[in-house]
Structures are given as C-alpha cells and as structure tokens.
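Order of writing sets the labels: A, B, C, D and E. Residues in every chain begin at 1.
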Amino acid sequence: MKGKARIGVCDTTFARVDMGKIAEDELRRWGFRAIRYTVPGIKDLPVGSKKLIEERQCDVVIALGMPGGEPIDKQCAHEASLGLIMAQLMTNTHIIEVFVYEDEVEQEKELLKVVENRVREHVQNAIKLITSPDKLLKEAGTGQRQGFADVGPILR
Amino acid sequence: MKGKARIGVCDTTFARVDMGKIAEDELRRWGFRAIRYTVPGIKDLPVGSKKLIEERQCDVVIALGMPGGEPIDKQCAHEASLGLIMAQLMTNTHIIEVFVYEDEVEQEKELLKVVENRVREHVQNAIKLITSPDKLLKEAGTGQRQGFADVGPILR
Amino acid sequence: MKGKARIGVCDTTFARVDMGKIAEDELRRWGFRAIRYTVPGIKDLPVGSKKLIEERQCDVVIALGMPGGEPIDKQCAHEASLGLIMAQLMTNTHIIEVFVYEDEVEQEKELLKVVENRVREHVQNAIKLITSPDKLLKEAGTGQRQGFADVGPILR
Amino acid sequence: MKGKARIGVCDTTFARVDMGKIAEDELRRWGFRAIRYTVPGIKDLPVGSKKLIEERQCDVVIALGMPGGEPIDKQCAHEASLGLIMAQLMTNTHIIEVFVYEDEVEQEKELLKVVENRVREHVQNAIKLITSPDKLLKEAGTGQRQGFADVGPILR
Amino acid sequence: MKGKARIGVCDTTFARVDMGKIAEDELRRWGFRAIRYTVPGIKDLPVGSKKLIEERQCDVVIALGMPGGEPIDKQCAHEASLGLIMAQLMTNTHIIEVFVYEDEVEQEKELLKVVENRVREHVQNAIKLITSPDKLLKEAGTGQRQGFADVGPILR
C-alpha cells in the first residue's frame, strides 16, 4: 500500500507547537506524503478529519491537538475525543488522536520533547495500521506508550 | 468562493450581547452577507445550525452562545458542544462554536470586549476555512486564541 | 402556518406538576391545539418527542420534565438532554426542552410559579420558531430567561 | 393490541436478583408473554434491546439492570443509559430502563422490595405505552415513582 | 454455529498484558479460532471492533483494554466505552468490552490473575451469546462477576 496510501494530517492553529509539520516530517521519513488540513481548534478536528477521509480519500488520519490546562480545555478535549470516535465509526476508518496537554509536564522544553515523540510514534502507528497490521499484533500487550518511555509488559 | 459563499449565523435570545449582529458586521467587512437564525438557547444551536446547512444551503455556520456561570449552564454548554460536533459530522460541514462564558472575566465591560473579539476572530476563521484554508495552514501550531491575546508558539 | 402548524407536547408522569396541561392551555391562547403524548420519565422524552415528529407529523415539540434534586436525577436529565439534541439532529426539527429542577427554588409555591412561567414562555418560543422566526431575531442577545425575570442585555 | 403485542425483556447475569423473571411474571398477570434475552452486563443492554426490536420484532422492550455501588459501576450505568436512549432513537421504539442501584437502600431485604416494585410498575408502564397511552395521559404530572411510594403532585 | 462462528478479538499495544493471546487460548479451548486485530490504544477499539464486524464478518467481538490509573486514562476508557456501545448499535452485533484498570488491585501479580480470569470468563460469555443464549438465560440475575469471584444472588 506504501506510496499509494493516503495519510491525512489534521491539526490546529490553537496548538503551540507545529505538530502538523512534525507529522509531515515523520511521514516523509517513511516514504509517505501528508495530506494536510489545519482547523482553528480541537473541536474542529472531528469534522476536519472526516472531510479528509470522505472528500480527500484518506486511508487514515492523524488528528493533532494541544488542549490547554484549564478545566474547560479538558472538557473540550473530551468532546473532541468523542467526536473523533464517532467520525471513525461513521467512516470505518482509523483516526489516530494525538493530544498533548499543556500541563502534562512542567517545563516547556520537556513539553516540546513529549510533543515531538508522541507525534512521531503515533505517525508510525498510523502507518502500521494501514500497511502492516502484523507489526502491531507483535506489540500486543507490551505496554507501549507515546511521548514518554514505554512502560513495558507486566512480567509473570 | 467569495460572494457566492453562504455563511450562516446561529445565535440565541439567551445571550446578553447581540453576538449575531457583531458577526454580521464582521462578515460585511470581508464582503459576506450573514444568513441569520436566532433560537432561544444554546441547546437549540445544534439543530438550528444543521437547518442552516441543510435547508438554507450554508457552506459554514458560526454558532454563537453565552452560557451563564452556574454548573447547570456549563452542563448545557457541554451538551450543546457535543450536539454541534455531531451536526458537523452528519453534514460534513464546519460549525464554528463561539461560546463566551459569563464568568470568564469579572467586569461586564471586559466581557463585552471578549465577546466582540472572539466573535470577530472566529468569523475570520470561518471565512478562511471555506475560502482560503492555506491561510490557516500558515498559522498551524502558532498558539492562536480568540477573545484574548494569542499565546503564541512555544519557542525552541 | 398558524392553524395548520402541528405542535407536539411530550410530558411525564414523573413530574409533580401537570406541565402538559399548562402547555396545552398556553397553546390554546395562541390558537394552537396540542398534540399530546405522556411518557413515564424524562429519559423517555427523546424517543417520545421523535415519535411525535415522525409518526404524528409535528412541526415542533415541547418536551416537559421535572428532574428531582438528587445527583442521579441530574444525571438522568443530562442523558435526556443529549437524547433530545440527537433527536432534533435526526429529524431537523426543534424540540424545546423545558426542564424545571425540583431544587431550583426552596418553596413549592415558588416552584409552581417557575413551572408555570417557564412552560408558557417556552411555548411562545416554540410558536415563534415555526411561525415567526423574525420575532426571535429581534430578541437576539437580549438576555431572555424563562421561568424567572429576563436578565436583559449587558449595557455598553 | 393485547395478545398480539410483542414485549421484550432484556436482563443481565450481573444483576443479583432475577429481574427478568419478575418482569415475566408481571407481564403474564396482564395477559402478555415475555420475549426474553439475557446478556452479561448493563453495557450489553443497548444492543441486546435493539436486537429484540429489530430481529425479534418487539413493540417495546424492558431493559433491566442492577449497577453496583462503586463509581465505575455508576459510570457504566450512565454509558448504558445513553446507549439505551440512542437505541430508542434509532428504532422509534420505547425501551423502558429499569435500573436498581445496589446502594439505593441499606438492607438487602429492602433492596429486594425495591427491585420487585420497580420492575412490576415499569412493566405496567410499558404495557400502557403500547396499548393504552391515554392511561399515561391521565397520570401526567402526578409525581409517579417506581420502586418507592409515589410522591404525588405538588398541591396548589 | 460452532466451528462456523467468527469471533473477533480486538486488543491494544498499550495494555501491559497480552490479553489477546489469553482470549485466543480460551477460544481454542472451546473449539473457536480468534480473528485478531491489534490497535494502539483503547480509543482505537471502537472502530477496530466495527471493522472486524463489517470487513471481516465477525459475529461477535471481544474488545480488550487496560486503562491506566490516572484520571485521563479513566476518561479515555469512558469515551471508548461509549464508542463501543455505539458501534454495537450501528451493527446490531455484540462487542464484549473487557477492561481491566491498572489500579483495580495493588499487586501486579494479582492484576495478572484478574486479567486472566476476566478475559477467559468474557470469552465464554461471547461464545454463549452467539451459540447458546439459553445458558445466559439460566444465569440471569445470579450476580455473575468476571475477574473476581461471583457475588451471587441476593437470597430471599
């Protein structure tokens, strides 16, 4: 499917890091071109992602957002997540949600690292989903994390 | 698309500021005419916006509301937001939600400013979405805010 | 549309005030006949209202309920509200939700007044929505409230 | 419709009382036969009830469950309730939700009574909904409760 | 239906135990072969399960996940649960949700046991749902639990 696969990247102007650019770069590393669409905020991601699937024929979409640290921001993220799940069910297509909360870590420098890692690792997940699901099967139940180090499986 | 684009404005009688009029004014500044529809409260916005899309052929809708400061008001806003997201998924059309909470700032004078700015900035977002998505792409990840000053990107 | 408009009234046996009768009376004052349907509780209102729209051809529905004061009652009201919004999106038809919480005021006498006023004012909203949307447009952003006195617009 | 009406009963193996049997017994008292379907837990009730409607042609379904007393159990019940409302909207058919929380009363003996009464009273509601909606209309706004004594209407 | 029944197993790379393998093993014990699909996290389970139903013709799906112990993890689980319920309603097919929270028990050793038992018992539930619903009917209201000991029925 490589080369032919259409991978959408939906991001926001609200985010404080150019997550879309990182996704684009990571996709290029694996031989894919990003089909980008930027919307204002995370609550615009569900329909934005669905449009990428239905109007621009994407096989998978990576939805990128950076919710703020206030309670209202977390509520917005919750609403966006439900919308992203619904959009997937309406299209039978995966939308990989990549959210980084502004208050996940204390230092901005650290936050940049989390964003960078989480976006790149989820881009790889999206690629695996549409080109080599067997690779995900091999990682089943191994405690993968995106953005921070993997926690690994619980040892018997 | 300018001139031909149909932009809906759905607002409420509950709001304490004539948000629809501000949106109408901002649209006029950019050469667009508002297709207006006023409903009683924010929970009436989802179907109101969907009707603007499906019965009056709007290409995008701006949904305006001012939730009160009580817990029940915030729950209503949450329900309205979920409905707006669902309406977008059912129509593949953006509905830009512009909510201003009565308790976001302390002074009424300040609140008026937030309303004014947020409505105008989101009207511009709606216009960009349907006429020049490339402009939003350029603003990707730049920490845009509506109503208050932009926070800007996190510097590397 | 007057005379021909079909207005549904969906209420519950759970409510402690005959809200449906008040709605019926208010509708009669304005020359409309209520098409009534009574269900057990508020969580039965979404499908009840949808049936009024799709099986009895109502142009708008007024959904009446009185949630109790316990946390579980508020959760039920939240679920019912989400259902009512969904029912509207599925039918492109307004359902005006009129809920009065048992603990909104302390005195039962006062509660009766709130119920009476809120039902009558929302019946008028429903009539305006289907017969004279221009009247709602004139009230846009004027701080209308139902049940209590209007708070009015924020003065510039 | 009596005799011909098809009434579904969806219950769980999780519940600690055989609610389905009580419903079946109450239905028999009124001349109806239960079409039963038992699923593991309350989150299986929405699709279970929808299958009773669409695959076994039920005219109404009674969905029975006993959520535990932990926060996670209450969240499950909330999710199940939303699913039951959605199932009703998708089928235009009533599903009467009969949930009894394990922590509603302190004594198990008392809990058994609540279950017994609530199931029987809601079975009667289901029968009225499909055979004699006029009976529910007469009870509109009368403060009906199921499981405990009715609270009655607020007196003017 | 045995032998011919198609049973899907959707699991995650996030989980810290290979739940899919346990499900596969339990299915084999009863003469069934698992149709496996591994996705990154629990929020990917709804569309993953729906794809197993609609694209790989599964008659039932077992959705396996291990939410972490943080509030955000519990919110993700809540969102995933709502999505799983919606996926079932859209397909009229059961998806048995098997979630084990990392903080359900204190010791990792104990957690492994809970996972093992819950997966195996729910696999049996899934098999019963599609091959012998009469067996579930016999267990109606008997206080079945998965992962821990059954609590049993409340004695009269």
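Definition applied: a residue touches a chain if its C-beta (ideal position, glycine included) is under 8 Å from a C-beta of that chain, and two chains touch if they have at least 3 such contacts.
Just so you know, these numbers come straight off a predicted model, no measurement behind them.
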Worksheet item: Looking at chain C with chain D, do both copies bring the same residues to the contact (over half shared) or different ones?
Response: different
Worksheet entry | Whole-Å gap separating chain C and chain E, where each centre is the average of the chain's CA atoms | 41
Fill in: chain D and chain E: spacing of chain centres that average the CA atoms, whole Å
25
Worksheet item: chain C: which residues touch two or more other chains?
Response: 82, 86
Discussion item. Chains as vertices, touching pairs as edges: which of line, ring, star, complete or other describes this one?
Written reply: ring
Discussion item. So in the complex, the part of chain D that touches chain E is made up of which residues?
Written reply: 11-21, 36-40, 43-44, 46-48, 50-51, 54-55, 72, 75-76, 79-80, 82-83, 86-87, 90, 108, 111-112
Discussion item. Going by the contact rule set out above, which residues of chain B touch chain A in the complex?
Written reply: 78, 81-82, 84-86, 88-89, 92-97, 101, 122, 125, 129, 133, 136-137, 139-146, 151-156
